[in-house]
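Consider the two complexes below, in which chain A is the common component and chain B and chain C are the respective partners.
Up next, the complex of A and B:
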């Protein structure tokens, strides 16, 4: 007997684990479930392991203190060999993990895998999603840059609105009433100990149940799940037409996981790490904080939320959504699994995907935010100044200095909060322009008190030059008649 | 099995492609977003703070042509520093120094001035020419100023609010309300070469304007300054604004 085998036997005598491993590896899975559609769960686990390893390496250098965190990330980015790459892998790993977990969840939902007897697997999965998002959020806070600082401010402002418990929750999370010295320590503990610990526990249970209950069979239209017969039918299927997990199914999992890791590394190498953006100093006001990619949809939704819906969306909707996800396997624990016979499920997934995608897309250019340096940094297009009178050019100056540009774009630069003004004179007459400037209206504040008459005159003169080429500016037809009457002798009126 | 090899090959190809790329994601030197008050690159500072009004390259903006070497030859650094720091009361130029409520430090303002000089000054642009002083030494007299206007300005700017054939009106009350006497003086001396307005030497060929003439015409223009009526509605819009040949070209 070789030395190696002797050592193996010594361990086996004490651990008695070989049988379990062999059983796990060779347990039969339905032939059709050994599919490319069933690789996302294992991929999520792989990324989680990658995150643990890269996270430990980052923790060797990262300093979780408000004063030093930003500097230690600069040190990682610039002074540690491949430190930037490590940060990139951890940051992109986070994005990939959220994406893969969401895809996994959508696939499980569409394939009816949450139905009997896998209800608890689904519920644990819902908590795993929350923890994954929790890791993404706390990780963003640990980056402790301007985005983190203001993002956290918004997060706790929402939390502070929870009835009765709000103030205590904020205090618990921040270590005080405001973001201060203790805050980062708390988030470090959450990100490094609390949530990963829970994740490991939940993932273990989740996996255990997948092994014990068997992987979901490929859903066939017309094959109905019934509590009384399902378990027996499943085992018959797995044994009659099953394949051993290793090697018939596992190679796809391994291949996909490897591809995901290569993709994470490629993104890290090509796009680099995330931030850190500006130094987290609240006295620096020249900043446009934005959350990380997977929270952009929330950012857009919060920005576009009508005030009267705030309580409903911020406090009630999350509870309803979470409640629905947890209750889902009890609401439809039996019946059809195939997405071909579940049109509402398909439409729901599509609707959610389109809504999240739309909000995310909007958030990437946040048209609701004024461009705060538009007035000083976006030049007036030369063609809007050539051939103009001194008064009109002075109007362009008023347009910039009074910060109209922060909300209104001309020549494709400037804010998008208000309409672009490149052809405003084609739609508004001089009187309408004057009225709009002085009184505001729509979403625009009144500028009457901020502009003296000369400034209004100059500004409107400039705006009047902004019309489509070859088309005269809009004019008030009645005004022309009045002018004509005023200029004519009274007798000719009759 | 065939599939497995194909996929393996695909993955290897992806790896090779990755190895072939340079590591583009490596962060450049310095923090990605520096503290705003630590930025001392004059090009960046000019772009973020000045370009909107003074033009991307110091010209073709609605405000003074900072990229005009003639202008830069008559104005000194102290004037530029004071103007940037404190702004010009009654004009569109606002204060940029932190002490005055702006966002720029003294070093940043110096960096902007240095950058403007380095990019657009031409050392010998006025060699052999005695330029009128930037600031008037004595107040001008509006009465002879009108004649000066008719001689040097009216051929382009015309008389009255309608403006002339080549340029719009500079006697418009609203326009004059938005520009200071010094602004007028600087414009008369340096012109707006980016919009084909000549400097003090070339309004009438071979007859540069004297310091006194400049002061007088500025005094006369200042006397035309009046705020338009508080509600700028008029039956005849062209009485306040010179109609533009305009349109977006």
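Up next, the complex of A and C:
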């Protein structure tokens, strides 16, 4: 025992660090801040360390070359002992890290922790969020499968929309004229050296500031932050009614971090690693690229933004959002911290969460994408053919062959780009159907040049049979009046 | 510095600069100079991909194969090896494109990339449409925009026929701002 102590002393004499460690560990935190709400920051740090560790493990095998990356991932998945598990932990760790950082940010925002004197802590946090997303995106590129290839294509296309500098940005991002070897190498450098290096630096500063300024106190409605008095008030709070960080608060951080790591490992073991999807050969055009989970909402927005405003929104919105996040502590650096007295803050967080959730959900089944094999996959269901005339059946064939079902479903199968057509004849008359098919409109292409008159007749006859069993097909109101006056049977609408 | 109280000049006497101050400043300037000298080639190295692009070094004529591989009145998938490529590119330097042969030596060669966000468009001969799997962009057989979010028609390569081979000028991924080098013959891209 005394031998151990001697060794300890030998080091301490040279390092002179024990004091700092003790001080850091036992620094007082306000009693109520030793709460389960305050565990997300430390959890993010824990996952980051996990990512660094598993990342180094993967780098032992991974080959950062456009020609070999994909093969080396297959090798990791199938041949290297437990390679699949480490890939799984790294991939799921990435998802957990983004999630935890987002939750941490929302909590810090709702608890007013960005206010005086923690403005800079918040701003560094904003950059940490950006870097976390940057790691998630560059990591997806390193997976170098078809999703990665075409995902880069989307990034490049967005860069290409920047006025004047577009071409330069494209070439800078790619490291050359096309997505190829040089592209993967530079994303490797970003993912493995540049961003992690910055992250380590920023995280250290972020933590240092949390220690120097003290953890945010539990916000009380009515307890107002003022620049002139806050520091002293906090000091009194922490010392008069404080508890030492170790052990009073730290055990919760530790429990939560452990729970997160176990969850990451459970996901990795149960769901396995992500991909890689198809081999990155751009001549394989039978591919439906999708981004990773945390970028799905962007994918959805790119489909749903009005095309005329798309470029403007794509280029301006990120600057505005980033600017707002950075300016936030200066716009409201004082005042109420409690979310109970900040309804706008609460509503904003809820709105953003709901919007992101909705976009993500939409993107998982992307109704805006034509189903590329909708026309060849499922035949027209039999009940839509029973008792139909030869002409109408001919029309069903045209409907199938002309890829209408890539965008339209009948009998619940087919694309969702356009409306389902099961009962289309109930709402559209023959003339309207003809017009829609020939002229298109909305998001439907015009088929005028690709259908001959016979095909149109057959197709529309088939469409006219698509109405609810008991309901007659739609008729032209003007024509109906005429026929009534002529006392003809109302069923006729010729 | 511990000797400051004894040796330092009076703080308010501005005219006088001690030798040490002077050396410290010169030392800093020397380092600044070294950084600039080092930074210049580094910046050049980093910006090389841009400069090469601006000098038009990415564009070359490449062959898509014999004319009779492309029947008249049809649109077919063709591919070429990108003129600028490296041994470690794997298959990523194999670039696909859609070749439409109208009649004789009349062609249209479309880039694979959707003008919206670069996803690979697919040709459907039955309906004469190109459809994009990402965000629902659709084009007619002549490459003009039919529907969906694309801001323009498909990008086209300029082409020529030489020794019975179809040649296109290609080399870089087409986007809204890297199209200029992929000039369309008619000048307009919407057609």
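As a convention for this text, the second predicted complex is superposed on the first by the 469 of 494 C-alpha atoms of A that agree within 3 Å, B and C clash if a C-alpha of one lies under 4 Å from a C-alpha of the other, contacts with A are read in each partner's own complex, and residues count from 1 in each chain.
The definition used in the following text is that a contact is a pair of C-beta atoms (placed from the backbone, for glycine too) under 8 Å apart; a residue touches a chain by one contact, two chains touch by 3 or more.
This structure is a prediction, so every number in the text was calculated from the model and none was measured.
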After lining both complexes up on chain A, report clash or fit for chain B versus chain C.
fit
Quick one: is A:55 in contact with chain B, with chain C, with both, or with neither? Answer first, second, both or neither.
neither
Here the angle between the directions from the C-alpha centre of chain A to those of chain B and chain C, rounded in steps of 10 degrees, is 80
Partner chain in contact with A:393 - chain B first, chain C second, else both or neither:
first
For A:85, is the partner it touches chain B (first), chain C (second), both, or none of the two (neither)?
first
Touching A:368 in the superposition: chain B (first), chain C (second), both, neither?
second
Once the shared chain is lined up, is A:286 touching chain B (first), chain C (second), both, or neither of them?
both
If you stack the two complexes on chain A, which partner ends up touching A:401: first (chain B), second (chain C), both, or neither?
both
Touching A:175 in the superposition: chain B (first), chain C (second), both, neither?
second
Scan A:276 for contacts with chain B and chain C and give back first, second, both or neither.
first
Chain B versus chain C - smallest C-alpha distance in the overlay, whole Å
5
Intersected contact list for chain A, partners chain B and chain C 279, 281, 286-287, 375, 401
In the complex with chain A, residue positions of chain C that touch it:
46-47, 49-50, 52-54, 58, 77, 79, 82, 84-96, 112-113, 116-122, 124, 126-129, 131-136, 138, 140, 146-151, 171-173, 175-178, 180
Flag every residue of chain A that touches chain B in the complex, lowest number first.
74, 77-78, 84-85, 88, 145-146, 251, 255, 258-259, 262, 265-273, 275-279, 281, 284, 286-287, 373-380, 382-394, 396-398, 400-401, 405, 422-423, 430-431, 434, 452-458, 460-461, 464-471, 479, 482-483, 486
Okay, in this complex, where on chain B does chain A touch?
4, 7-8, 11, 14-15, 18, 21, 23-27, 29-36, 47-53, 55-56, 60-63, 92, 94, 103, 163, 167-170, 172-175, 177-179, 195, 227-233, 235-237, 240-242, 244-249
Help me check something: in the complex, which residues belonging to chain A touch chain C?
65-70, 149-150, 153-154, 156-163, 166-168, 170-172, 174-182, 279-283, 285-289, 299, 302-303, 305, 307, 310-311, 368-370, 372, 375, 401-403, 406-407, 417, 440, 442-447, 449-450
